[in-house]
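Naming follows writing order (A, B, C, D and E), and every chain is counted from residue 1.
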Amino acid sequence: MAALFRHGVHPPELKELTARIPIRRLPYPDEVVLPLSQHTGKPAKLVARVGDHVERGDLVAAADGFVSSPVHASAAGTVASVELWPHPDGTWQTAVRIAVERYSPQAIRPRVVPRWEDLTPAQLVQAVQDAGVVGLGGAAFPAHVKLSPPKDIRIDTLVINGCECEPYLTTDHRTMVEYPERVHLGIRIMLKAVGVRRAVIGVELNKPDAIEALKRTLPGDLDVSVVGLRVRYPQGAEKMLIKSLLDREVPSGRLPMHVGVIVQNVASVATIAEVFESGLPLVERIVTVTGRGIRRPANLIVPVGTKLRDLIAACGGLTDNTREIVFGGPMMGVPVADLDTPLTKGITGVVALVDEEVRPQQSLPCIKCGHCLDACPVFLNPQLLGALARAGRYEDMVAAHLNDCMLCGCCSYVCPSNIPLAQLFRASKAAVRRVKAA
Amino acid sequence: MGELFWILLSAMVVNNFTLAMFLGLCPFMGVSARVETALRMGAANIFVMVLTSLCAWALNTFVLPHAPYLQLISFIIVIASLVQIVEMVIKKVSPALFRALGIYLPLITTNCAILALAIFQTTRGCTLVEGLVFAVGAGLGLTLALVLMASIRESSELADIPALAKGTALVLIIAGSLSLAFMGFAGLLSGG
Amino acid sequence: MKQSTAQEDLVRGIWRENPVLVQVLGLCPTLAVTNTLANSLVMGAATTFVLISSSLMVSSIRRWVPNAVRISTFILIIATFVTIADLVLQAVVPVIHKALGAFVPLIVVNCIILARQEAFASKNTVGRSLLDAVGNSAGFVMALLIMGTIRELLGSGTLLGMSVFGRHFEPWVIFVLPPGGFLTLGVMLLGANWLQERRKSAAGAA
Amino acid sequence: MRAPAAAQSEATTAARLVKVLGGAGAVAGLAIVTAFLATKPRIEANRARAVQAAIEEVLRQPDRYETLYVVNDRLAAQPPAGADASRLEQVYLGYRGATAIGFAVTAAEAGFQDLIHLIFGYDPATGTIIGMRVLDNRETPGLGDKIVRDSGFVAEFDSVVLPLRGVKAGQGQDSPGEVHMITGATISSRAVIRIINNRIQRLRPLLDAYRAARPEAR
Amino acid sequence: MNGSLLVTTAPHLKAPETTPVIMWSVVMSLVPVVAAATYFFGPSALLVIAAAVLGAVLVERLLSSPGTLRDGSAAITGILLGLTLPAGLPLWMAFVGGAFAIAFGKVIFGGLGQNVFNPALLGRAFLQAAFPMALTTWPVRRESWWALAGDNFAIPLMSPQVPEGTTGATPLGLQKFEHTLTPLGDLAFGSTGGSLGETAAVVILLCGVYLALRNHLNWRTPASILLTVAVLSQLLHLLDPARYPDGAFMVLSGGLMLGAVFMATDPVTSPITNPGRWVFGAGVGVLVVVIRLWGGLAEGVMYAILLMNAMVPFINRVTQPRVFGTTAKASGP
């Protein structure tokens, strides 16, 4: 049994709503909206023009530099406009609207799919970038960047993140159950791209069928192991996962590669495999649409850029007591107020929360119970940070390791006085960044 | 030995200069905002108190029997000059130490805790050793009170203190509470 | 610097710049000797004597004192008057002198006195220094008397040793103990803050 | 040209400083000595009166008393030549008519808060305490300071036989050495008792030796 | 969906524990302790506790923003203060204690969660310094359960009428001043003299275990205190059995159990870090032993906790957790 990372919380899992529902394909909506910024890094550069006809998989916007990722049309149709549009992060951003051609077969243009076995690592990385692959675990960090670590860094292990520790979500779970071979192929390709021998897949023990499927299909010629992990949020956070699986601590302010590890989400890995199987760039992804506010929860293959409204409609609509809709899981996800907001590459799920489960809005004074300290997986003192945040003492916050906070929300979750600690930290980080920029 | 230990504890906690005898309150109010400064102030205090104790003993033994009425003047002048000399010596010998403690030295000299130490030592008729132990105890007690107060004040900077109580009023009420807590030491080692 | 009037010199120290309640100086005697009203009175008188005499002396010789030895001279002057006060008290009211303990000699280091010499007497005429000293003494004595009254009344149920509330009154001993001193002054400062707030808001409303 | 001038002005300032400080010092010294001399008689009278009152109380109004000095662990009627009498340990011997009635002895030890200073009368012939008075204490007002103000407690020291034993109020069998302690101030009460017992234990050989040597002090 | 959607920041879920739930659960677990006190001391116990609660609650209502009574912390302060008082105390004094506890122990620092000293204990320390006689007057055996334990109904501001020689003794007082030990059975199950909450140590311990299991109090603090007192006093006992009582007596007597379980654990006034809680508990334990064995007072729990309260900001400072991925030592247990 692997070592478990310390602290963290165990919220109700609530995965039973969709854990056993097979993935199905969402019918093409009438319109898809593709923001130019769907990844961490520089937004893509627009190449399509209004009025252009695009086929599925055609380039709409190209990568602008190394830490950037291209955007491809996720459905055949016509570029209707390029305009500011609601973005999942709550702002309005430039997006390409494509009116979907109703009767298109949505086939991809015929193209040459290179045999990955024949490519050099550099060519592999280039192919991954060209396909617009970003991390599907949440942060949407361009995958090719991770696959090309600096020369002086030695990577020894590829960690595949199948924890899915957020309540409700079952995207990765279904991917592992239904496409285990694709996961293994993705791993094979990545091992080659990075030049590493070993891969470890970490899966929480509440997904026994996924573990079983991965183990059943384990390739005999590779050093790949599947490790079951005790259920605890935020096991899926890469630093925690590395601690749990390999008992290595990523130093404060450093990246996994500094301890010789690359972490990639299972869905990202499966997508990489798909790129080399079909030549299709990242134009669709698997999304769990769930929550007590959704009438018919489902795991769906969704074209990137599908609007929330269409997604909900396909799942039977919302119940009357729905209070809040979240992109991502309920612990870290972002709330969405506008049903026209499109789904971007990094969104793992849509959760509709009902009246009784949303967090109350009032908070009480901190009683210094220390529950937040006992919850914080990176051993910060959220109580102190919270008090400093309220006093606007950002410099002291940085000294108290604000930058090590990963906004996992464990502290807010346990706080009996319902103090919005993670929210304060998000705002403080923004304030610190502003000060630094100024 | 037991007697000396009692003198130490008595001066440090039972009859704490600050919290039970009301001595040295101005610096207590003034430099108790930060733990760092409080610690340095405390160290400087212990140092000056030991010097004072030496001076007072010397004066009591060699000078004052002949001119008792000069007690006060001689205490204050001799202590002030000695501290000044030591200050200069420290500045020469260890600039680092001077930076750490130096600025507090002049503040302390004209402070009532120091003069009171000399006077108490005289009225109690302390021997040299007793006086030194008394000085160390009193200095430690002062430091303890200062550091406790400073750490409490630092932490209450983050509290929503009512506007009315901000500042000296709160410090006094905290001091009152500390003084209440220190009553627990009453009667220590006096044989119950 | 704006020239202040004689009246201002006198009144300033009593309330607006009260040495204890506003400037928070001279706390040690204010807390240490005020457990009875009699002690407060005698301490107040002794301090007043020292403050007024020192101010007179300092302001009259201020021209001849070079800067370098200013403070030393002040201390010398103050210490002289304190020694005199100490001796006189010892001769006249030995019991109270004993009760005040070391705090009579400690008038030497009373922050208020040195502060007035530094801030005022060394720069002003004899007459104005006198007014300033009287005002500040009055402010100091006032604080002492308020403290002394509260603490003796509640702590012993007496005033100047005479029973006020009758035989069955349960005295609140804490008021004559050290914590009571801190708490009483703390509450007085709360009261002073409150008065100031009220005056400010009244001025703001007008 | 300029350097010597500066040096000269420096010299004059230094001279002036010394002159001013010296002058001030001289004046101050003069004032203090004057005040000292003026108040000295009264202060000494006060002091003497206080000592006398205490001695008279704890020895129950002797006709007269004499002061003895502890010198080299012996009692002496006169301080050794050249020694400062006021700095020697003193014991008082009281007389009624020509007979010595007992010694008045001062002592100090830790009480509840701080030192308790007291004086007591001791009759070596019978080994009894004649009376006790607390001279100085910092015990809690209302509790510990009852050792001064509680006349019942003070009266407990009227003719008790040494060694003293403290008993709780309402207990004990009226045996000769019993002192009833003050409820709520057990520690202070016990301290008084301890102070007296310790003091006598130390002084008894001296007192006995003195009595043996001086027949009229018997 | 009705109306517009809520937009709040993550996390969107919340653990069910809330501050009022914790506080009221502490109040509920104090019920058995109050019941035990009433069983042993009669109606006086309820009266004294009620007066202390009234004082605390009234002042909280007057000085704090409306609604703060609902969090239940003022009630805890009142009940715990009541439990530290002798049964025969005049009710007006208990009321004054409750009022002082809230006004100077809590409101002055900004209310719930911001105070430095344990309000209930500060209230008791105030009362003990203000009315030392009344606070050390322990009831003697009463004729019937219904009889009052003292002059509870003394006129406000007037002295209680206590007939001479009617004050009892506490086990610690007996040990300290008369060198008599009380049987352990009596200490564990009640029937000793002392404050209301000094009886029936076992009841208090059980309530504490219940709260600890619900994570409403942190077990480390009481564990550290009880362990320190037991070990330290047993060691001293082995050195000089005639002079020092044994560990079991020290742990079960006096207010130690109440203090360790309910008062040292006050989250607001105890350290926030787990290593800090061990240090705090050890400090309380050592001080309790020192004050009991060498101090002037028979019982030192209250002063020990107040003194350590003053150390809490300092303890917090020096026991901050080691941040993940940093190499500084001092990682918590």
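Remarks
We take it that contacts are C-beta pairs under 8 Å (C-beta built on N, C-alpha and C of every residue); 3 or more make two chains touch, one makes a residue touch a chain.
Computed from a prediction, not measured in an experiment: that's the story for all the values here.
Chains that touch both subunit B and subunit E are the following: A, C, D. Here the chain-to-chain distance from subunit C to subunit D, counted in touching steps, is 1.
Both subunit A and subunit E are touched by B. Using the mean of the Cα atoms as each chain's centre, the chain most removed from subunit A is D. When every chain is reduced to the mean of its C-alpha atoms, the one closest to the centre of the whole protein set is E. Rounded to whole angstrom units, the spacing between the C-alpha centres of subunit D and subunit E is 44. Chain centres here are Cα means. That of subunit B falls 28 Å from that of subunit D. The geometric centre of subunit A is 86 Å away from that of subunit D, both derived from CA atoms. Centre to centre, using the average C-alpha position, subunit A and subunit C are separated by 70 Å.
The multi-chain contact residues of subunit D, meaning those touching 2 or more other chains, are 28, 32, 35-36, 112, 140, 142-143, 186-187.
The set of subunit A residues that touch two or more partner chains comprises 365. For subunit E, residues that reach two or more other chains under the stated contact definition are 104, 111, 114, 126, 129, 132, 177, 296. Under the touch rule stated earlier, the contacting chain pairs are A-B, A-E, B-C, B-D, B-E, C-D, C-E, D-E.
Every residue of subunit D that touches subunit B in the complex is listed here, in rising order: 28-29, 32-33, 35-36, 84, 87, 110-115, 138, 140, 186-187, 190-191, 194. Within the complex formed with subunit E, the residues of subunit D that make contact are 112, 140, 142-143, 168-170, 183-184, 186-187. Subunit E makes touch with subunit D in their complex at residues 132-133, 136-137, 164-165, 167, 177-178, 296. Touching subunit C in their complex are the following residues of subunit D: 13, 16-17, 20-21, 24-25, 28, 31-32, 35-36, 38-39, 42-43, 46-47, 50, 136, 140-143. Per the touch definition, subunit B reaches subunit E in the complex via residues 35, 147-148, 151-152, 154-156, 159-162, 165, 170, 173-174, 176-178, 180-190, 192.
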